[in-house]
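Structures are listed in the sections that come next.
Below, chain A partners chain B and then partners chain C, in two separate complexes.
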Partner chain A sequence: MILAAFGVTSAVAALVMLGVVARRVTRRLREARVRRLTAQHRPLLLSLVAGDPPEAREAATAVAALDTASWRVLEPAVVALLAKVRGEGHEEVVRLLGTRGVLVRARRDLHRRRASRRAAAADLLGRAQVPGTVRSLVRLLDDRDADVRHVAARSLGRLGSASAVPSLLRALAAEPPRVPPAAVAQALLRIGPAGAPDLLTAVDHPVAVVRSTVVVVLGRLGVTGAGTALRGLLAGDPLTDVRCLAATALGALGMPGAVPDLVRATRPGSPGALRVAATRALGDLGASSTVAVLDGLLHDPDARVATEAGHALLGLGVPRADVLARSTPSSVVAVAERVPALTGAA
Partner chain B sequence: MTTILVADDDADIRDLVSFKLEQAGYRVVAVGDGVQALDAVRAELPDLAVLDLMMPGLSGLDVCAQIRREPASATLPVIMLTARVQEQDVATGFATGADDYVTKPFSPRELLSRVQAVLARVPVAATAP
Partner chain C sequence: MSDFVAGDLRDAVALVMDLSLWPVLVYFLLLNSSYLALVLLAAREGSLNRRRASFTDHDETLSSPLTPAVSVLVPAYNEEAGIVASVSALLALRYPRHEVVVVDDGSTDATFARLVEAYGLVPEARRIPDDVATTATVLSVHVPADGRTPLVVVRKTNSGRSDALNVAINVARHELVCFVDADSLLDPDALTVVARPFVDDPARVVASGGVVRAVNGSRVVAGRVVEARMPQGWLPRIQVMEYLRAFLLGRAGWSRIGALVLISGAFGLYRRDVLVEVGGLDPTCIGEDFELCVAVHRAMRDQGRDYRVVAVSEPISWTEVPSTRRVLGSQRRRWHRGLLEVLWRHRRMIGNPRYGRVGLVALPYYVVFELLAPVLELVGAALGPLALVTGLLEPARALAVVLAVYAYAMFVSMAALAVEEFSFHRYGRWRDLAVSVGVALVENLGYRQLTAWWRLQGLWAGLRRREQVWGVMTRQGFGTEAATPSPSAA
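Let's look at the complex of A and B:
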């Protein structure tokens, strides 16, 4: 009886082991096949993406004609190339993915149950910059899965369609935001100045994170038409953070008209963080008319302000010896700490 | 024959750049990290280096700075290839001694044009493959 039980157990164990070994062998064979096929078709893929036009077309025709099994192996490598090239090579890859039905499948996958499938599809359509997918991706900004929403925002940025701007801002305005502010900012930056009209209407949005994101993007995009709106935020936004970001954006825009507003923001009655940001912005703005103000700020009792003033003066081309000579002892130390080139020059 | 060093830890990028440059008639030495890049500079004395900014070990900026420090390679033209497109990153690249900057995703044709343009500015080195 005991011997029989032992025999059965041994047989079961042997079968399990056999199964494990068989699975491993199958997986290794599959991986070897993938490696072999990928290496075999590698020159074709390189010609497709980096070859001269006639050669690229020839490679595209050859890859398009591959049997389904070979294409399945090669598809991930082709999709990966989308993220690495632009220009003609990118266009060839997109054409090929269209020919092989990958893009149609991706559109279908946007509605799959599994979040990972929806996210992968949204990512692919964004990377391929397939026109006509904006509306589907906008819908995904309300997806139940946070990763899918994030990927949808990124893809909308890659598509570069200004029509997506209001939806991105709406996703940001939700409580909590449907998409992280940094992801929305990246998408808006990719969309570029074409989205400026919608951004400008959002500078006085009731939700602070929308205002701050819009301010950052306007500054980074260099939307000079935003000057008046940004000066309004600098002077009167209820949140100091937004005022600081407005100062930074005005500095980045480099508009001399903003100098009086920035100078006002550096005055002692303003919040400390704003004074620091405004001083830095005066330096970024790069107007020689700010030298006298910055000179005065070198003596500021707030070392952070004095440091920024020193930094700004150096940026404006004032010789470092002059900056140090005009500084108070505390700001000399602070400036020297921030600007290693000054150390030892005092 | 003009030799170009290509250093990038991404095999796809390395292969694409190498393919395009070889197709144009250049000899390419391709490596996957910064340490190998420096070794290749010393061993091969290439006519130009295309360096990825973000590589394991030594970054492209580190490699570029070292290239500039060593007398044998101090004037070697360097093109940075990178996904980092912030103004500050570009400025740092140039400050370190890079001669040009190409952002990823990149256009193989544009990269080739830039390589040709940088080589054309080099007074003594071969300007044709």
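Let's look at the complex of A and C:
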């Protein structure tokens, strides 16, 4: 029996090795075929995305006429072009994909049983920015598969439709979030200022992750109308993380009116993380009125606050020598021979 | 009289054989089956990753405003051969915001001089927070004169790797910290991918570990591994297979069932605040990487927090593995002693339902199939010949048993190779595939028993609480221009 076990195991091991060899051979053959066909048709693809309109149209017609086997090999390369080109080149690629039936297939694939097919279809429709797919993608935000929901959010961002903002925020508000906050933030950034009204109404959302994501996006988008709301969050949000993000967003917005709020946040009674974030934000804000405050923070007993103050002063263009002079030996002090450019600029 | 003694010996061996033969056989069966199970779990993960490849957008992590900034922490002790190539590669990693913190742990060679020369370092007066307790004296802090390169170099008195990393944790400005060994080379996207779990699940992920592979023999250009190749000697070759099983497959498998308890210090990413909470690395523990990960689990479970520790199988940190028996033996003795120390220190967690799968599955597994493995392997190796000599086991039957155990172990290695080929195919040359098959055939003939002996020595030293010795790893360094010659085997 033991010998039989040895024989069976050895045979299975040998089969596994044969499988490995077969896999390597088939992969290499496939890669060689892809390389050959891609090289052969590269001039056509270049004309498609970079040629004059008649030339591009001609290239599109030629690629559209390729036999099915060749197209199957070329299709990934054509789809990959969507991420690399904009404007007319992008439109040509989308038209070509439409002609080859790829977009119709993608719409159909949104309802496939296999999650990877649904996700790949959602990704393609987003990259192609196919109009009229917003509703389908919004529905996928409730998909049972996490990858599909994630890709749907990303594609909604690529489509840039402000009508998707409430759905994206709803996906974030679920417990746990149905889509990673980073994916929602990225989508909201892609949608841009058009989504700002919905974002502003979500600033005081009861779910913390919604508030924090919205705060980051408002700061990045530079929505100056958010200043009052952000100052409110900085002063009174129950979560320190949200207050820190509000400080960062106010720094990014560069509104001098926020300086008193940020200064208040740096005071010793505030949580340590908030003091660090507010100090950094004062530097980002770039107002000359913050220099005196940052000077004071150089002597802060919290080494992290002092470090940030040093960096912030250098960022504001205060000469190195001045920073050193203002610091006590025990404080962070920023720098010895560092930042000659900044020193000169100052 | 001598017949009487021989008879007694025979009876004693017979008794030991009766009591242990089948348990030892079952043990080997379970041990290899557990490896196989982990390989299968990793294969499943690899298959999912392959399907995800068509719609995964790594640039999303790079451009997201919510991608956390990372401080890459590099302890360095006498690393003059490769420190500049290593730091250059770390600075060039694709990541939106990261800094590199090098802690020169009292090097006696030109480690610091090489860095000064390469980056034009100038001293900086800086008060370092004491969030994590440290024992060393910080001598000076240096930054590049250009003011743009995000590099900080800390010089301190020698106090060991763990304390050096604790200093680096204190110096780190960012919310995530990544441990990287100075002799490691990271793939360009390594940081982006290993940070991805933190971006996707920021509320729960507290640590993630990348894959570590052996760099020996590979082509390295400008601090990057451009072509993975099998090394020349059999000792490093076998370690390539070991690393493949342990990192690529084993840890991916543990991660899949939510019971990953070991993140390599050569490439691991942690939330800084969690490290501060657990007090950083324990300098008194020789298995500090393992200890840290278990301590994080323990702290999270004790606080009843919903958290995740995950392994990612794609990004790779390449490290030089020992190519001599002396260095390898020293490493394995140290690793096993560290394993014993950590398991003893956290014995309360073992079998304790409060610690979930970590307490009920992972740690008991490490006790039975890692800590005790050298004892049982050597018992098995000794019993066979003894039983043959005393005539208690027929040669044909003994051979059949040995062959069956050997074939199963070989099959597990082949399965690991298959997962590598189907999911990652890093080793592209046919000759490397042939060498890998050769490794699967020979690693159980001598090498396994040798490492079992070293591990047993480590276990014994730990039980006797002998003084801990780190030993010295002789580095060949990485070439920075063309392909480097392979480090030669002993």
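Things to note:
To be clear about the criterion, the second predicted complex is superposed on the first by the 288 of 346 C-alpha atoms of A that agree within 3 Å, B and C clash if a C-alpha of one lies under 4 Å from a C-alpha of the other, contacts with A are read in each partner's own complex, and residues count from 1 in each chain.
As a convention for this text, a contact is a pair of C-beta atoms (placed from the backbone, for glycine too) under 8 Å apart; a residue touches a chain by one contact, two chains touch by 3 or more.
In this text, all values refer to a predicted model and were calculated from it rather than measured experimentally.
Once the two complexes are laid over each other on the shared chain, residue contacts for A:His90 go to chain B alone; chain C is not touched.
Once the two complexes are laid over each other on the shared chain, residue contacts for A:Thr213 go to chain C alone; chain B is not touched. Between chain B and chain C, more residues of chain A are touched by C.
In the superposed pair of complexes, A:Arg42 makes contact with chain B only, with no contact to chain C.
Contacts of A:Ala50 after superposition: chain B is touched, whereas chain C is not reached.
Of the two partner chains, chain C is the only one that A:Val16 touches; chain B does not reach it.
For the contact definition in use here, the chain B contact set and the chain C contact set of chain A share no residue. Chain A meets chain C in the complex at residues 2-3, 5-6, 9-10, 12-13, 16-17, 19-21, 23-24, 27, 116, 119-120, 122-123, 147, 150-151, 154, 176, 180-183, 185-186, 189, 209, 213, 216-217, 220, 302-304, 306-307, 314, 324, 327, 329-342. Note for the complex: chain B touches chain A at residues 10, 12-13, 15-16, 19-20, 23, 104-110. Of all residues in chain C, those touching chain A in their complex are 51-52, 54-55, 57, 60-61, 63-67, 122-130, 143-145, 147, 173, 199-204, 397, 400-401, 403-404, 406-408, 410-411, 414-415, 417-418, 421-422, 425, 430, 433, 437, 440.
Against chain B, the residues of chain A that register as touching in their complex are 42, 46-47, 49-52, 80-81, 83-90.
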